[in-house]
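Naming follows writing order (A, B, C and D), and every chain is counted from residue 1.
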Amino acid sequence: MTPLLYLLAIQAADPEVIDRIPSGYSHFVIPFTVGITFMLCWIGVGCVRLLAAIPKADRIKFWKSLLIPKTIVKNLRDLFGDCLFHVKIWMRKPLLGYMHSAIAFGWFMLIVLGHIEVALFVPARLNVTRGGLFYPIFYRYFVWVNPGHTTLRGSFFFFLMDFFLLYVLSGIALAVFKRFRSIVLGMRHTTKPSLADRIALYSLWLIFPLRLLAESFTADLSGGSFLTVGVNHFWHFLFGDKLWFTPCWWAYSICLGLFFAAMPFSRYMHILTEVLWILLRNAGIQPNHPRKGVAEAEIYACSSCGLCLDACPMNVQKKNLKYSSVYFIRFLRRHNEKKINAIADKCLMCDKCHALCPVGVDAPALRRAQRATVNDTLPYDYSYLPLAVPGSILAGETTATLGTLRGGTGASLGDASGGAERSEAVERPKVLPGTVSNNKVLYFAGCMTHLTPRIIKSVEKVFKEAGVEYEFADRDGGICCGRPLMLAGKAEAASKVIEANKKLIEGSGCGTLVLSCPICYKIFKEEYHLEGIKVVHYTQFINELIASGKLKVEKSEKKIVYHDPCELGRGCGVYFEPRAALDQVGTLVKAAKEYDESVCCGGSLGSLTLDTRDRAKISESSLENLLAGDPETIVTACPLCLKTFSEAVSNSRLPIKNVAVKDFAEVFCR
Amino acid sequence: MKNNILIIGGGPAGLEASAQLQRMGYNVILIEKSPKLGGHLAKWDRLFPDSVQAEEVLGRLLKGAEGVKCFTDTDVRAINRLDKSYNVRLTNGITVLSDAVLVASGFDLFDAVKKEEYGYGIYDQVMTNADLEAYFKSGSDRRIEKPGKIGFAHCVGSRDEKSGCRSCSKVCCATAVKQAIEMKQAFPDAEVFCFYMDLRLFGRHYEDIYLKAQKEYGVRFIRGRVAEVSENYDGTLLVKAEDTVAGKPLKVTLDLLVLMAGMRPSASGKAIGDLLEMSVEEDGYFAVRSGIAAGQRSPIPGIFLAGAATGPKTLPETLADARAAAMEVDRYLTEIFPDAKNYKQLVRERW
Amino acid sequence: MIYEGKQKIWSDYQKEIPDDHYFYVRSCIRQSFFPASEATFLDITRNKLGKDIFETEHHTTCGGIAYHSDTIPQETVMTIIARQFALMAKNGYENYVCSCITSFGLYCETMETWREYPELEAKIRENLWKSCKLEFAKPKFLIHASDLIYKYRNQIAAQAVRKLVNVHTGEPLKVVEHIGCHYSKMFPSKGVGGAEYPYVLVGMVEAWGGEIVDYPERRHCCGFGFRQYFIKGNRGYSLSNTHKKFESMEPFKPDLIITNCPGCPYFLDRWQYVIAESTGKTYGQDGHGIPALTYEEVAGLVMGYDPWDLGLQTHQVGVEPLLDKMGVPYDPSKKYLGKNGKDIGEPLPCACLK
Amino acid sequence: MVDFGFGLVPSSRINLDLFDREKYEKLVAMEPDAKICMACGSCTAVCTAGQFTPTSLREAIEDVFNAKDDKALEALKACQLCGKCSMVCPRGINTRHLILSITKVYSKK
């Protein structure tokens, strides 16, 4: 006989569970009911407000997304994976993942199973008017198990409930332990809780032990399994027959009430907001304001878990902890403008906190949005840009017009020779419309690469060796790609730069655009929308040259460590190609942290306010990270990283012996 | 080997050389024209770049020179060269027969009155670096009463051929930066400006105090020499210069202007040089045998030079120069002087 | 201001000024704009003090205006000067006194150039011989007419009928002195008191009972600047220069400006009118201007000359408030009567300047 | 008023008495590096925008000090924030933030 059939057979018999209190109510439920009602009202109003603040087009997009099967699958996967099982944390820090999932999934199961129990045994009580709000929660208080009719079905649920309670309790135990010794769970730094956080936290800690206490006190009436019954016997052994269970249920209810009342003001709001955020995120809606609309869901989805504290490269110095994303979000919630701005400006925008965030909160994007509130409206004058980039007009004309432009604006300098030199510089850009055929390659070095001429030299050498026909777009200097403006929150200004560069690139008629600067690469790839032009980073391009046999390389025993530049790795997901190529010329050794956990070099343009000393500290720690595998050569693929590491190596106080810092292309030069 | 050595000048160079020579066992006679030992150091309050008390440094120098026969308020009246030694008649009536003479006559501060356009001695609110040090020492000066805007004019009497000095006085830039910081410390609300032609902060830690002056004290450095100063109706000063970095003339109203008077060859040193018929170079400082290889030897055998007598020097340079001079004196008195028979030839070869 | 400090500098810059026997040359501008000043100079020195001051109608301009306007070369101007020196020598004089500061500066410049480059002097000697068949001798003493009045300041004070004092309050008049740029700025040693704190006019004012006011822009040019004035497009520049001086002296409330240069009294006078009429700003009391007088005019006033004989009616800025302050008697009806009672015409009234 | 065909011309002289200390204090509170420039001109030499139109952080800092606020903004208006200047500054001045801060503090809006 299968268990299922057995269960069905039992159902027909006498009621297994009897409503012990006919009214289905006791005063002790008040704290809980008040708390949860308050919280539900709060979140209800919040949801409406939030959705109202989203632009109409986005709102429609959101509702539609809930019907798209692909998104539905993704939503379900993310809701279970991120909210309940905390897969992302599991993958990085198993013990911490266990802790989070024990509390989240365990509690979730307790609630679900509780409701199933009610639905099975006293279905009438699910009705809200008959106590549906609290009855399933305090089910064990209100029922009496008919001792003569205990069934396997009942025992099964008793067992499950006890099991999940134990599961949650183990998570809570770890959480309490983590408060004091976080490092054991893999966290160097933890967040400093606010007052509401503390109230909610201590309530949360107490909820489950109290639940155990309450349910174990009533276990001889309302039944239980290995845990509650076992503990019940222990109480009887200790106190005899006199068990005053009412105070325990009161305490349990009060803790629950306190927790829910404090929830909207604490980090635990994430438990519910996360759901909304995942749905909005998967709908593909981007925040356009650091606080309003989608951003609100995002900032309330932050659980303040503090994983971003250890992720942040700035936190090599303890004084910089306050600039971490978790605090940024906390101050966003509190509308503390001064602190928000300070934190937003400090960040290196390395994106590691985003990559590591269990709920995928894109704090760097919020920071950009925050910067935009201050910087986007600052005055600028880019009227010279169309004349600075010759792509759109014939070169001759450009020179003439530019000459006039300079004659006009440069007159105040009163330097005739300087003027002449300048106009000479204008004549130089040689990329004329249509001169490059479609299979031709256009190389754009970018501003920063011009400060590291060895990159340019190496790239050209490699191109020559591999017989690549190419044009050098900005041999004599061009304009900026716009990414630094974006990072500073000046999107509108960036769009002007993008427009001007776009004309240059499209006007060149090239088929492939190669970039040696990841900063350029990211924005060219994401914002330029170059029709029919393949945008590749030189690491990808060189890897392809090697794979296709155009570039001959020789393997050596040289130990190479590769540094993932933030904008290339986390920014564009390019991890594989550079390593594949480097593997052909040397022996790759591992850094302590790699791929999406790689540590920013400290030279990032993302930060607006970080000073040189703080940057040097970051560079030093990043360098230390790279030296874990005792490499002979550090290879990076970004002019900023290259310059930063070169300086860091020469200024470092670490006992570094003969470590060369090389650019990616340099390694392939013979 | 108790040779007599006469050291002329009781400033840092004279004191340090006395101490060294005395340690070597010589009989040192130190004369100082003023009533007090210490030279300019005795008038200074704190020293760049570390702001040590001048008194402390002077105390150490004096301690080192304890036991040296010392005549203050004493100058040289006449000096005769004997066969090898010098017969020196002092103004206090004493005559010294000295086997070697070390001239450490130091420098005079440029007389700022000569820069008429700056109005020192004419405008109430113009003072010199030395006046300011005196203020720091005494705590009072009629010109200083909560100044709101203070200017420092570098190169007063230095790098100024019209004032008779083409060269740099070496110490003024660092002194100006030091004094600017000290004034900001005394008057935190004041705005302080330094008018310079070039900032010659060459020594160790000098750049640090420059950075400190900018970063911590907000001192404004303006590249441009003060050209003229006038007095406003309310007694404040109207200072004109060019901001050569901006390429524009500039004016500012100041409550106090401090002139960084440079170094000039000492007048009393020159008098001694005249007695000895010792040659001076175009800049007025004593000529040396070789600027690089023999910077402490004068062209006259047995006459040595130390400190600012041979050109502007910082205090550490002066002390090092004095020690070097002591070594040179010792070398002369042990290797050349005792050999009466070959003295002339040795002098020809080794002086 | 520390007076003793200035005295010390003054004592450093003293030049030798012979007492008598001078060859006098006039100023082009002064002859045209303030002819009475030169007449007064000759009257005071010759008739009041009994000095031998010789002048000849054969002397010409020194060429300074053309030279400083870059229209004639240096050799030409030097030859003109050499001719003046020849006239002096021909008439048996060794002491040369000129009325004009531009000339004085140019003579100094020429003599210094000849001292540095004797071959140039030889060449000029040749030029002069070729062009005029004249030979010159360099003056033994070259002085400016204001040097001479400075020299005689105490004698003048002895003959004075009044002082530079406000007769109503008994307070000394506040006087601003303005020295022509070319008096001592090029060669500080050639001027009485040097270039920074020239004493030549200060000495006169002190001797005659006035009080000198030092204002910040006292060194600044009057605004003449030759080309700056001659070309209309540059005149705003000239005006702005003068304006800067007035703005700077305004807080000191001067009663009078005393000058020793041809252009300065002219520009310090006329530009007050232009500033007043184009901006409405006046610098004297109650909408009046500050009278800008020559040192001869001031000497004449203290010696009791009639103001209209001194040519004070030729100034744009009215002198009446000053005359009232000094207690100088004058007949307003005779202001615009010329030398022989001829009506010289009255200017139109100004809108802003009283 | 009479038109003479010429008039007073504005002075190009820097007048430090016009220096707005309050605004400046605001700037250095925002970006203290404004104080430590030594006018070497490296920033101007490498400037991306400076290839095409007069742009100079060095000049802007100078202008701020010299009470020429409008000129400071003028010298920075073409800046693309590319950050080359921050790489070459020998004093490690946070140039991009300084540029943003000057624009923030001194722009009229």
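Here is the rule we go by: a residue touches a chain if its C-beta (ideal position, glycine included) is under 8 Å from a C-beta of that chain, and two chains touch if they have at least 3 such contacts.
Keep in mind it's a predicted model, so treat the numbers as computed, not measured.
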Chains contacting each of chain A and chain B, listed by label: D
C-D or B-D, whichever has more C-beta pairs in contact: B-D
For chain C paired with chain D, centre-to-centre distance based on mean C-alpha positions, whole Å: 46
Distance between chain centroids, defined by C-alpha means - chain A, chain D (Å): 38
Computed distance of Cα centres, chain C from chain A, in Å: 84
Touch list for chain B against partner chain D, complex: 191, 193, 211, 214-215, 218, 220-221, 223, 243, 245-246, 248-253
Complex contacts: residues of chain D adjacent to chain A: 31, 33, 46, 48-49, 51-54, 73, 77-84, 86-88, 92, 94, 96-97, 100, 103-104, 107, 109
Touching residues on chain D, where the partner in the complex is chain B: 12-17, 19, 21, 28, 32, 35-36, 38-39, 58-59, 62-63, 65-66, 91
Touching residues (chain side chain B, partner chain C) in the complex: 113, 116-117, 119-124, 228, 230-233, 238
Residues on chain D engaged by chain C in the complex (per definition of touch): 1-9, 11
